[in-house]
Amino acid sequence: MAAKKTTNESAPLVGIVLGSASDVDQLEPARSTLKEFGVPFEFRVLSAHRTPDHALRYAEEAEARGIEVIIAAAGGAAHLPGVLAAKTVLPVIGVPVKSKSLNGLDSLLSIVQMPAGVPVATVAIDGATNASLLAISILSGKRPELRAKLKRYRKQLAEKVLGARV
Amino acid sequence: MAAKKTTNESAPLVGIVLGSASDVDQLEPARSTLKEFGVPFEFRVLSAHRTPDHALRYAEEAEARGIEVIIAAAGGAAHLPGVLAAKTVLPVIGVPVKSKSLNGLDSLLSIVQMPAGVPVATVAIDGATNASLLAISILSGKRPELRAKLKRYRKQLAEKVLGARV
Amino acid sequence: MAAKKTTNESAPLVGIVLGSASDVDQLEPARSTLKEFGVPFEFRVLSAHRTPDHALRYAEEAEARGIEVIIAAAGGAAHLPGVLAAKTVLPVIGVPVKSKSLNGLDSLLSIVQMPAGVPVATVAIDGATNASLLAISILSGKRPELRAKLKRYRKQLAEKVLGARV
Amino acid sequence: MAAKKTTNESAPLVGIVLGSASDVDQLEPARSTLKEFGVPFEFRVLSAHRTPDHALRYAEEAEARGIEVIIAAAGGAAHLPGVLAAKTVLPVIGVPVKSKSLNGLDSLLSIVQMPAGVPVATVAIDGATNASLLAISILSGKRPELRAKLKRYRKQLAEKVLGARV
Amino acid sequence: MAAKKTTNESAPLVGIVLGSASDVDQLEPARSTLKEFGVPFEFRVLSAHRTPDHALRYAEEAEARGIEVIIAAAGGAAHLPGVLAAKTVLPVIGVPVKSKSLNGLDSLLSIVQMPAGVPVATVAIDGATNASLLAISILSGKRPELRAKLKRYRKQLAEKVLGARV
Amino acid sequence: MAAKKTTNESAPLVGIVLGSASDVDQLEPARSTLKEFGVPFEFRVLSAHRTPDHALRYAEEAEARGIEVIIAAAGGAAHLPGVLAAKTVLPVIGVPVKSKSLNGLDSLLSIVQMPAGVPVATVAIDGATNASLLAISILSGKRPELRAKLKRYRKQLAEKVLGARV
Amino acid sequence: MAAKKTTNESAPLVGIVLGSASDVDQLEPARSTLKEFGVPFEFRVLSAHRTPDHALRYAEEAEARGIEVIIAAAGGAAHLPGVLAAKTVLPVIGVPVKSKSLNGLDSLLSIVQMPAGVPVATVAIDGATNASLLAISILSGKRPELRAKLKRYRKQLAEKVLGARV
Amino acid sequence: MAAKKTTNESAPLVGIVLGSASDVDQLEPARSTLKEFGVPFEFRVLSAHRTPDHALRYAEEAEARGIEVIIAAAGGAAHLPGVLAAKTVLPVIGVPVKSKSLNGLDSLLSIVQMPAGVPVATVAIDGATNASLLAISILSGKRPELRAKLKRYRKQLAEKVLGARV
C-alpha cells in the first residue's frame, strides 16, 4: 500500500478511509474518539474514482490485516463506502460528507441506498463521531472492556446534558 | 415482556423490532435471511410512541438477554431505532420504512440524522435484507463460520448476476 | 430532577425542553414571549437520546407538577417532542431547530410526521415565538385574561405592519 | 353561515373546516375519533381562496359561538389553516392533505412555515386522527373526563401494539 | 387604507404588496424597473396573517381604484398572493421570497400550487424584476408605448449579453 | 405554420402550446374553460427541443397574428415556456406538467426559475384551468365583459363550495 | 468475461452495462435505437457491488476490445457508471434508473455528482433513448454516415411533432 | 457572430457557452483544463432567453465551423444546454451552475431531465472540470494523443491521492 499512514497504527482494528484529503477535518472527531477509547486505527486517503484499484485492494486485504471495521467517508456521488463494502464482508460504516452544492443530501443518498446484498451502515451527514462510536460498539462484541467504556461514555454524555445551564 | 414472540428464538442473537405490525411484510426479508444463515433471532412489535416503556425496557435488557445486535424498523417520524439506541450500547441497525406520503424520505432522515453520541447504523429505505446482512457481519466478528457463510453468500450473488440472461 | 432550572418557575404552566444546550438561542423568543404574557414557565435541557430516562420521567410527571403545555425543541433526527408526547396526554408543541446540513428539513419531518395516536403540534423551523403563542392560546382556554392579552398582541402586530414605512 | 352543517353539532366545541369537499375522506378519522370521545363538533367546507369572506367570518365568530379549537385541512398551496388562524386566537390545528403531484410536501410547508405572530399547530400529512386527538388534548385542559379518556385511549393503543402477532 | 404610501402614486396601475417590511430589499428591483418604464405604482406592507382584513380589503378595492395588476411578495408559508387573488379578478403576480431555513422552496410551493379557480402568476424565488416585467407586459395589452419599451428593453438585454467580455 | 390547428380559431386571442402531444389531456381543462368564457384560442404542439425553429417562429409571429396571451405546457426539463417567452413580449403562462419520475418538481423548477429579464407566469403543476383563467384575467384588462364573466365564475365557485354536503 | 452476451455483437462499439437484470426493460429503448442506427453493441449485467472485479475489468478492457462508448445504468446508490468511469478514459454515459422509494432522485444524484477528474455523462432518469443517441453522437465524430442518420432522425422527430393532431 | 471571443481560438474544437457572464468563474476550470491538454476552444456568452437567435445560430453553425463538442453552462431555469442541443447533433455537455436560492438543484433538473430525442450530457453542479474532461474524452475518439494525455492525467490524479498526508 503506497498510501500514507498516520499514528496509532500498531495492530489497527479500524480502518478510516477518506475519499478526498480535503475531508480530513470532517473526520477528525472519529480519530479523536477512537484515541480516547484506546482503539488502534489507521487513516487512509483512497478514492473510489481516482484510485479504484487501491481502494478495492484495501478492502480485500483489510480482514487479513486484522482490520475489523472500516469507516469510509465521501461526499457528492459518494461511492467509496459501497465500493469498499463490495470487496469485504467486514462491517463498513459510511459517513456522508456535507457537499458544496447539495449540503450532503447527494452524499447521504449515494451511501445509504445500497442494493440488497451489500450493506453499508450509514450515519448522519458529517457524523464522524457516531461512525467511530458505532465501530467501537461493533468491536465491543468480543471486548468487554470497550463495552464498559461505552457505558461510561454514555453516562458522561448524560451528565453533560443534565448539568447544562441555560 | 408482554410482546408476542415468534419462532427461532432459542438464544436469540438478533432482536428485530418493528414500530408497527403493519410493517411486518417489509421486514420479511430480514427474517428469511437470518434463518438462511442459521442465526437465532426474535421478532417484536414495540412502538417508541405507543409503548415507550416497553421499547426502552427491551433495549435496556437486550444485552443481558444475550442479544448482540438490534434491528429496528419504523416509518414517518421514525423514532424507534434512535430511542432503542439511547438505552443500549449494542449496535442498533435502523431500517427506514417507505411511508405513504413522503416515500420514506421522512423515515430515512428521522433515523439517520442522529446527534453525536448515539449512533444508529442506517440502511436503505425498506432495506431489510441489508439490515440482516449487516447484523450477520457484526456477529461474525467472533463467529468465523458466519463470516465464511457471508463469503459464500456474496459468491452466489455474483454468480447470479453473471449468469443473468438479458 | 437533576436538570438545572431557570427563572420564572413558581408554579410553571409551560415546560420548555431543549434537546441540546446549543439550541438555547433559538428558543430565546419563546422565553421572552412567555415572560411578556406573564406565563410562568420552566426551561430544561433533556435529550431523547442522551438522557432518555430523564426525558420520559419529565413528561410523565409534568401533569402532576402542574405543567399544562410542553414545548420541545430539537434538530436533526429530532425525537424529543415525539418521545415526550409518548409519555403524556398534555399538548406537546414541537419546534424543529434548523440543522447544519439539511437546514431543518430533517428536524421538521422527524417531528411532524408522527404516527396516529400520539400527536405533536408542530410549528415552523426555528418557530419558537409561535410555539409560545400556541402554548398561550391553549392555556387561554380557561384563562380569559390570557385570551384578552393575545388579542391585544395581535392588534399590536397589525399596527406594526400598517405603520411600516417602506 | 350558509355552509352546510352535519351531525353532532349541539354546542360544537371543535370546528373541522375543509378547504375542499374532495378532502372529506381524509378527514373521516377526525370525525370518528371525536365521536368516540363524545366531543361535539361541526364540519364545514370553506375555502381560503373560493370563499375567503366566509372562511374569515367563520374564524372570527368561532369563539363567540363556543368553538374552542379549529381543525383546518387543505392541500397544495394550503392557506386555509393560516387564514383562519389570522382571524382568531383560538388554537388552530392544520392538517396537510396529500396532494396529487407533490405528495403533500407543498401542503405541509404551506401550513407549518407560518411567520412569527400567528401559529398553526401542524400535524402529519393526512394526520386527521392526530388532529382530533390534539384538539381533545387541548379541550381536556378544563375537562378532566376527557383527559381520563385520553389516557384510556393510549392504554388501548399500547395493548393493541403489544398484542400484535407477527 | 391606513397603510403607508410611497412615491410615484398618482394614478397607480400596479400595486406592490409585501407580506413583511423586512422583504423590502428583495422587492427593490420591481420598484426601479417600474420607474424606469414610467409605470405608476404604489407600495404597501400588508400581511395575510397579521392584517388579514386590510389585505383583503386592499384586493377588493384595487380594481375600483384603478389598479390593473397586483404584485404580492411573501416568504415561508407565503399566503399573501393567494389571499389577495381570492378577492380580485385582476391578475395577481406572486414573488416567493427566499426564506431563512428552506431557501424559498416553502415560499415557492405556497404560492404556485394554487387550487383550480384562483390563479397566481408565480415568478422565480426573489424574482422581483420579472414580476414587474410581467406586470408591464400585462399592462401593455392596451398601451402600445409600453410594448415598444419592452421590446427596447429586450434589445438592450441582448446587447449587454453579446457585449460581455469573458 | 405546419402545425395542426384545432377548433375555435377564428381570431384566436390565446395560443395554447404543448411541448408534447402526450400532454394533451392535462391541457383539456384550459381548452374547456376558454370555450366556456367564449375566448377564441388555438392549440399547437411545438417542442422547444424537437421543433425549435417552429417554436421560436410561433412566439415571434404571435403578436402580429393577434394572439394576446400564450399558454405553454411542458414536463421534465421544461424549456418551452421560457423559449417562447424569449421571443415575444406578450405574457407567457407556463404550465408544469407532472413528470413520470419526479412528479413535476423538475417541470416546475425548469419553468418558474427564469432569469431576470424574461418572465414566465407559472401556475401549479398540471394547473391548466388556472392557466386559462389567468389568460382570461389578462385579456379582461380591455374587455369588461370578460371581467364580468370572471366575477360570475368566482361566484359560482363559492356557491359550489358553500353548497357542498359533507 | 463470464457475463452472458446478446445479439448484435460483431465488433461492438457500444457497451451497455446494467447494474441489475431487473433494469433490462428500462434499457430496451437504448437497444432498439442502436439497432435502428446500425451501431453494433453488447449488453452486460455487471454490478459495482455484487461483481466489482468483473465490472472493473470490463471497463479496463473495453478500449482494447474496440468499445468506444460505455452506457451504464443503475438505480438507488447507483455506483456502476462512476466505478466504470474510474477504470477507463472512454466516455461513460450514466442512466439513472427510477428507484422504488425515491423515484430515481437517489440514482440521479449518485451518478451525476461525480468529483472532479472522473466524469460521467448523465442523462435523464430512465433516459435510455437519449443515452444511446448521445453514444451515437459521440461515435459520429469519425463516422459521417452516423451524423447524417442523426440529422434524419431529428427531422423525423420534428415531423412527428408537427403532424400531431390534438 | 457578434459575441466577444477569447484566446486560444485558432481552429477551436470545443465551444464553451455561458448563459450569463456572471458564471465565468465557475467555468474557469474548464478553460484551464482544455489549455493544459492543448485543446483549442472558444468562449461565448449567449443566453437562451436574452439572445435566443444568437444561441440557436451558434449551435446551428458550430459543426460547419469545426466545433466538435459544445459545453454549455447555465443556472436556475437552465435552458441553454437543451436549446443548443436542439439545433445540433454534436455532443452537448451541460454544466448546472449553482443557483442562489436552490443551490443548483433547479439548474441540474432543468438540464438533465431532457425529453427523448435530444440528449444533453450532464455533469455535476459546478462541474466545469469534468465537462472539459468529458469533451476531451469525446475528442480523443479520433485523437490518440489526447487519449494518452487523459491516461497520464488519471495517473497523476491517483498519485496525488496516494501521496496525500493526513
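Going in written order, the chains are labelled A, B, C, D, E, F, G and H, and every chain counts its residues from 1.
The working rule: a contact is a pair of C-beta atoms (placed from the backbone, for glycine too) under 8 Å apart; a residue touches a chain by one contact, two chains touch by 3 or more.
Bear in mind the structure is a predicted one, so any value in this text is a computation, not a measurement.
Engineer: Please pick, from G-H, F-H or C-E, the pair whose interface repeats that of A-C, with more than half of the contact pairs identical by residue number.
Structural biologist: It is C-E that reproduces the contact pattern of A-C.
Engineer: So how far apart, in whole Å, are subunit A and subunit B when each is placed at the average of its C-alpha atoms?
Structural biologist: Chain centres of subunit A and subunit B, defined by C-alpha means, are spaced 20 Å apart.
Engineer: Please work out the Cα centroid separation of subunit A and subunit H, and write it as a whole number of Å.
Structural biologist: 36
Engineer: Listing for subunit H: what residues touch at least two other chains?
Structural biologist: Residues 20, 47, 50, 76-77, 102-103, 105, 112-115, 117-118, 120, 124-125, 154, 157 of subunit H each touch two or more of the other chains.
Engineer: Tell me, which pairs of chains are in touch?
Structural biologist: Every pair of chains in contact is listed here: A-B, A-C, A-G, A-H, B-C, B-D, B-G, C-D, C-E, D-E, D-F, E-F, E-H, F-G, F-H, G-H.
Engineer: What residues of subunit D sit close enough to touch subunit B in their complex?
Structural biologist: 98, 103-105, 124-126, 154, 157-158, 160-166
Engineer: In their shared complex, at which residues does subunit H touch subunit G?
Structural biologist: 29, 68, 89-91, 93, 108, 112-125, 127, 129-131, 133-134, 137-142, 147, 150-151, 153-154, 157
Engineer: Any idea which subunit F residues touch subunit G in the complex?
Structural biologist: 2-4, 6, 18, 20-21, 24, 43, 45-47, 50-51, 54, 76-77, 100-103
Engineer: Okay, in this complex, where on subunit D does subunit E touch?
Structural biologist: 19-20, 47-50, 52-53, 56, 75-79, 82-83, 85-87, 99, 102, 105-106, 109-115, 117-118, 120
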